[in-house]
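Both of the next two complexes hold subunit A, though its partner changes from subunit B to subunit C.
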Partner chain A sequence: MLVWLHSFEALIAGLFLLVAIGIVAIRQMQALLRLFVIQSLLLASGATLISLATGSPHLLGVAAVTVIAKVAMVPWLLRRTVRRELYGRREVVQVLNVPSALLIAAALSLLAYLVAGPLIEAAPVPFVRTQLPIGIAGILLGGYTVTVRREALAQLVGLLALENGVFFAALAIAPDLSVLAELAAAFDVVVVTLVVGLLTRRIHERVGDTSVGVLAALRESD
Partner chain B sequence: MSIPLLLAVPLLTACVVALPMSLRLRSLLSVGSAGLVLVLAVHLAFAVTGAGRVAGPLGLLACEGLGALLALLTAFVSLCASLFASGMPLGGAGGSVNGRAFHPLFQLFVASILTVVLSEHLALTWVALAMTTLFSAFLVAYYDTPEALEAAWKYVVLTTVGAVVVLLGLLMLYWGLTASGEHSFTWGAVAEAAPRMPRPILWTSFLLVLVGAGTKAGVAPMHTWLPDAHSQAPAPVCALLSGVETSSALYVVLRLAAPLAGAGIGGARTALLVFGLGSLLLAALVLVQVRDLKRLLAYSTVEHMGIVLVAAGLGGAASFGAAFQLLAHALAKSFAFLTAGTVGRACASHSIRDIRGLASSSPWLGLTLLLAALGITGAPPTAVFLSEIAIVRGGLGQGAYLVVGALVVLVVVAFCAVLHHVHAMLFAPSEPGAAIAAGAVPRSFVGALVLAAIPLLVLGLSLPGWVQDLLARAAASLGGGG
Partner chain C sequence: MFEHVVYNLAQVLFVVALAPLAQGLVGRLKEKIQSKQGPSVLQPYRDIWKLLHKEEVISEHSTWIFRFTPYLVFAAPIFVTLLIPVLTRYPLFFAFMGDMLGGGFVLALAGFFTALAAIDTANPYGAMGASRTRMVGFLAEPVFMVVFFTVSFVAGSTIPYIVQAHWVNPPSNFFEPAHVLLLLAFLMLILAEDARLPVDSPSGHFELAMIGASKSLEYSGRGAALMKWAGSMKLLVLVIIYLNVLVTPWGLASGTGVSEIAMAALWVALKVIGFLLVLVYIESSLAKLRLFRITEFLGAAFVTSVVAMVTRLAGV
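For the complex of A and B:
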């Protein structure tokens, strides 16, 4: 039973990493948002599996909160605030082309394993061997997405993917964290989405474009 | 009982001022609420100086020296800022939606800063830290210009990434806590269990918190958003952003640094010194060449955050200086930003090149700007001077000559750079057409400036006993002696 759960969890972790890499490269905004929803579902199912394996009821709460906040509320909020930008928008200019972006993504995933190694040795807990490196990889890839993407919504999805990475790692390192922390994080995700969505709409109205990566009016020299 | 009340007042005010009412009433309620918060914060500060620590309900909230100090500063700066804001034409040129949202967001922003420094549970600290950005995003974007929106975008994205990094750091801390048999996620538990935690985990979580919260505090090299956000926001918002929001982010780092040093991880102090001196160096170099008055003040904030980190890194007797520097920075920087707002109103520009001959065209405003410049650079009659002297003395007492030497050199460079720019704004001959409308400064601006100047000057002359006690308590929660 337990071995079966472990290999199933490893499969979910692998898919989670794959989706994180996809978020770096996919250009269609709607597809990007769909990838984020899939990633959140993977996070929720990972939480359910680990909860079954370790008998920790807290993680069921994590799964429920994740589904409500990230699978239901985030896409709904974005449709309400940035309908025009969301549908049919495609990022034209990217700082890096797709192959080199994927190469860097692979390098970041390797780095995550290097970073996680000594930490796992310091305090081995169940599932940490899959969750921590993949979670850290998800964080690095999310951060990378925020830096290289120019479209406002792509940066937002990067930001949310970053947070998913943190919680993917948290499933192993903080399985009995209080409900307060889960609610706090869910609240944060919803408010981030709302604020960024409204800001994107405002930028679209005032500047006429949402390629925030090319905004560079503010600097020291003129 | 006073801690939950302290948080409830701005939260309730935010709900009330969100209702439809006249702008006058909204401003009045905002100022009244800030005054009430200040009274409560003074009360709390006295309680903390007496007892050392005041606990709140359910183990969620608690207050010790550093938290009491920052809560007091937040309350004072928010009173000056909301007084100043009551003279702003909110809802006029800035767009009616922004005008209506200003006061509710302002109150939520104040409440979130207070929650960061008054919560005992780390999850609450974290979510409050994240909310300081999100509630203030639309305050930064208030003027709705493309520049303001760009600044708000960078602010939200970069500091939210910072907040997520802090979250990972805190969750790792929890991992360390459970590994050492502790299951409550509070500052008290961290301080108690730190020596038993697995070292790599404690160390990694500290670095993550330092980088993540450092991003929010404007520590170099993660400061890139700060000059943009702090120069585009309206003056009263800048006073809060620069004066206390940055310090509240630094608070999280400093609270964690103390148990690390206690657990014998010397690298924590070194990391604080490296980031501190790096911020100082960057700020000193950029200050020489800034072209905008508010950007000048923003880089001065980067400098001050660097000084606090250096002082905390030195530890021991310099901890008192670190607490004093947080106090002096909040007073000086909020006064300076309110001055910049007034000067910007009078001259219709924040560009240093456009502000000329202020000493002759508007002597009072010139004097105010001079006081602001002396205040932020740490010249003798102001509080920053005394705090920097305390840090230097603390550092020399430990024989850290190299660090103190670098600190003094960089502070002097920053001093000369700021005074050079201010000299030009005060005494350079004004260009034709840049006449100042002397009557354009509203009375509330003057009131806010006078109020903000009082502690800046008084604390520069001598420290009253209870302020000294409060600073000593704050230094104790930084892990240093009095």
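For the complex of A and C:
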């Protein structure tokens, strides 16, 4: 039973990493949001599996909160606030072309494994071996998404993916983390989404564009 | 021993005989999805039969390469079939003659000669198609290498029979993250290698946009029949490797009884039909990529395979 849980959990970790790399490189806005939802679902199912294996009830709460906040609330909020940005069906502008962005993403995930190596030795908890390096890779890739994307919404998704990475790493290290912490973080995520969404809409109304790369100078007067 | 030789030849027969049927099925299903009548699933057999009885015209400026290539291209998938598990779980007579890398080399040799033959007649479309195929080929090569090394590293062997046994034996092996990621990378590799839709449109008739099909435009008669047949065999061989070694390593015969082999043949046929349905779905729902977007497609496949390798090397 435990062997099966371990291999399923490893599978979820692998898919999590793949989705994180997809978030770096995918071109369409809606597909980007969908990838984020998939990533959050993977996070939730990872939490469920670890709670089954370690018998920690807190992680079930974490899974439920993740599903409510990130799978339901975030897409709903974004569809409400920035409908035009999301359904515009335009391609997201990138600083780098896709193959080089992907290669750097692969290098970052290797780096995550290198960084996580000594940490794993220090914390011999069952699931740390798979969760920690991929969680760190999720953090690095989320941050990389924020730097490589040129659009407000895509950067927001990168930020949220980064947050997913943090929780993915945390699941294994602290399986008894109380639900309260996750609840607070999830609430933050929703608020951040709302604020960024409203801000993006406002910028779109005033400037007519939300490509952050283009918005280089302040406008003093209207 | 005698049985092993016979079954080895039987699996060659299985692939040679059923490859055009697989291609006919794909053609028919695609037309059905577009609400058309579509040709009969037996149409590829009729095409091959017709071409075999036509006169062969060969340009007098071409060299021996042009004449030799169809036979080599036809023989290559047959050689690979000898090496891979098509119907049985246990290694057959020729199984240790070459490993997966050997099979890859044989298919690459056929690809190399196809490209040479396409340039040989000095038909401009042929050279264009050949150079594009090489471009896709050299982008697909690193993916193939990483997939291959990861698979052999995970299973501890490069012989496809042993790899197949590795996924089956403790069933939890099947859900290794490296394995599932490799499935995705290999699927993308099949699409690129066989000139399928997001990379190339196999049913297109516009020479300027062709990648795979324009290489055999100059062939007629017997040469054309062999090239066509070989193309469908290559697809079937790739699909069988994918299904029997990686995706669904179950349902193969473990005994030497004839009835068991027949059962296995039925199972393999069902699996192939299932895969062809997925292939038709992919081909009907995606548009062809622009030529310079192919790097992105194969770049994604490469990163997937690298991630598979990384998760494996980290000792999951």
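One rule holds in what follows: the second predicted complex is superposed on the first by the 213 of 222 C-alpha atoms of A that agree within 3 Å, B and C clash if a C-alpha of one lies under 4 Å from a C-alpha of the other, contacts with A are read in each partner's own complex, and residues count from 1 in each chain.
Convention: a residue touches a chain if its C-beta (ideal position, glycine included) is under 8 Å from a C-beta of that chain, and two chains touch if they have at least 3 such contacts.
All of these numbers come straight from a predicted model, not from anything done at the bench.
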Report task. Could you tell me whether subunit B and subunit C fit or clash when both sit on subunit A in the superposition? Result -> fit
Query raised in the report: Which partner, subunit B or subunit C, is in contact with more residues of subunit A?
Result: B
Query raised in the report: Touching A:Leu103 in the superposition: subunit B (first), subunit C (second), both, neither?
Result: second
Requested in this report: Mind working out whether A:Asp176 is in touch with subunit B, subunit C, both or neither, as first, second, both or neither?
Outcome: first
Query raised in the report: Which partner does A:Phe8 reach: the first (subunit B), the second (subunit C), both, or neither?
Result: second
Requested in this report: State whether A:Ala154 touches subunit B only (first), subunit C only (second), both chains, or neither.
Outcome: neither
Query raised in the report: Touch check for A:Ala123: first (subunit B), second (subunit C), both, or neither?
Result: first
Requested in this report: Aligned on chain A, what is the least Cα gap between subunit B and subunit C? Give it in whole Å.
Outcome: 20
Requested in this report: Enumerate the residues of subunit A that count as touching subunit B in its complex and touching subunit C in the other.
Outcome: none
Report summary line: Per the touch rule, the subunit A residues reaching subunit C in their complex are 3-4, 6-8, 10-11, 13-15, 17-18, 21, 25, 98-99, 102-103, 105-106, 109-110, 113, 129-130, 133-134
Query raised in the report: What residues of subunit B sit close enough to touch subunit A in their complex?
Result: 121, 123-124, 126-127, 130-131, 134, 137-138, 141, 144-147, 149-153, 156-157, 160-161, 163-165, 167-168, 171-172, 174-176, 178-179, 183, 185, 198-201, 204, 227-228, 231-232, 286, 289-291, 295
Query raised in the report: Which part of subunit A faces subunit B closely enough to touch in the complex?
Result: 118-119, 121-123, 125, 139, 143, 146, 152, 155, 159, 162-163, 166, 169-170, 173-174, 176-178, 180-181, 184-185, 187-188, 191-192, 195-196, 198-199, 202-203, 206-207, 212, 215-218, 220-222
Query - subunit C residues within the subunit A interface of the complex - result: 170, 172-173, 175-178, 180-181, 184, 295-296, 299-300, 302-304, 306-308, 310-311, 313-316
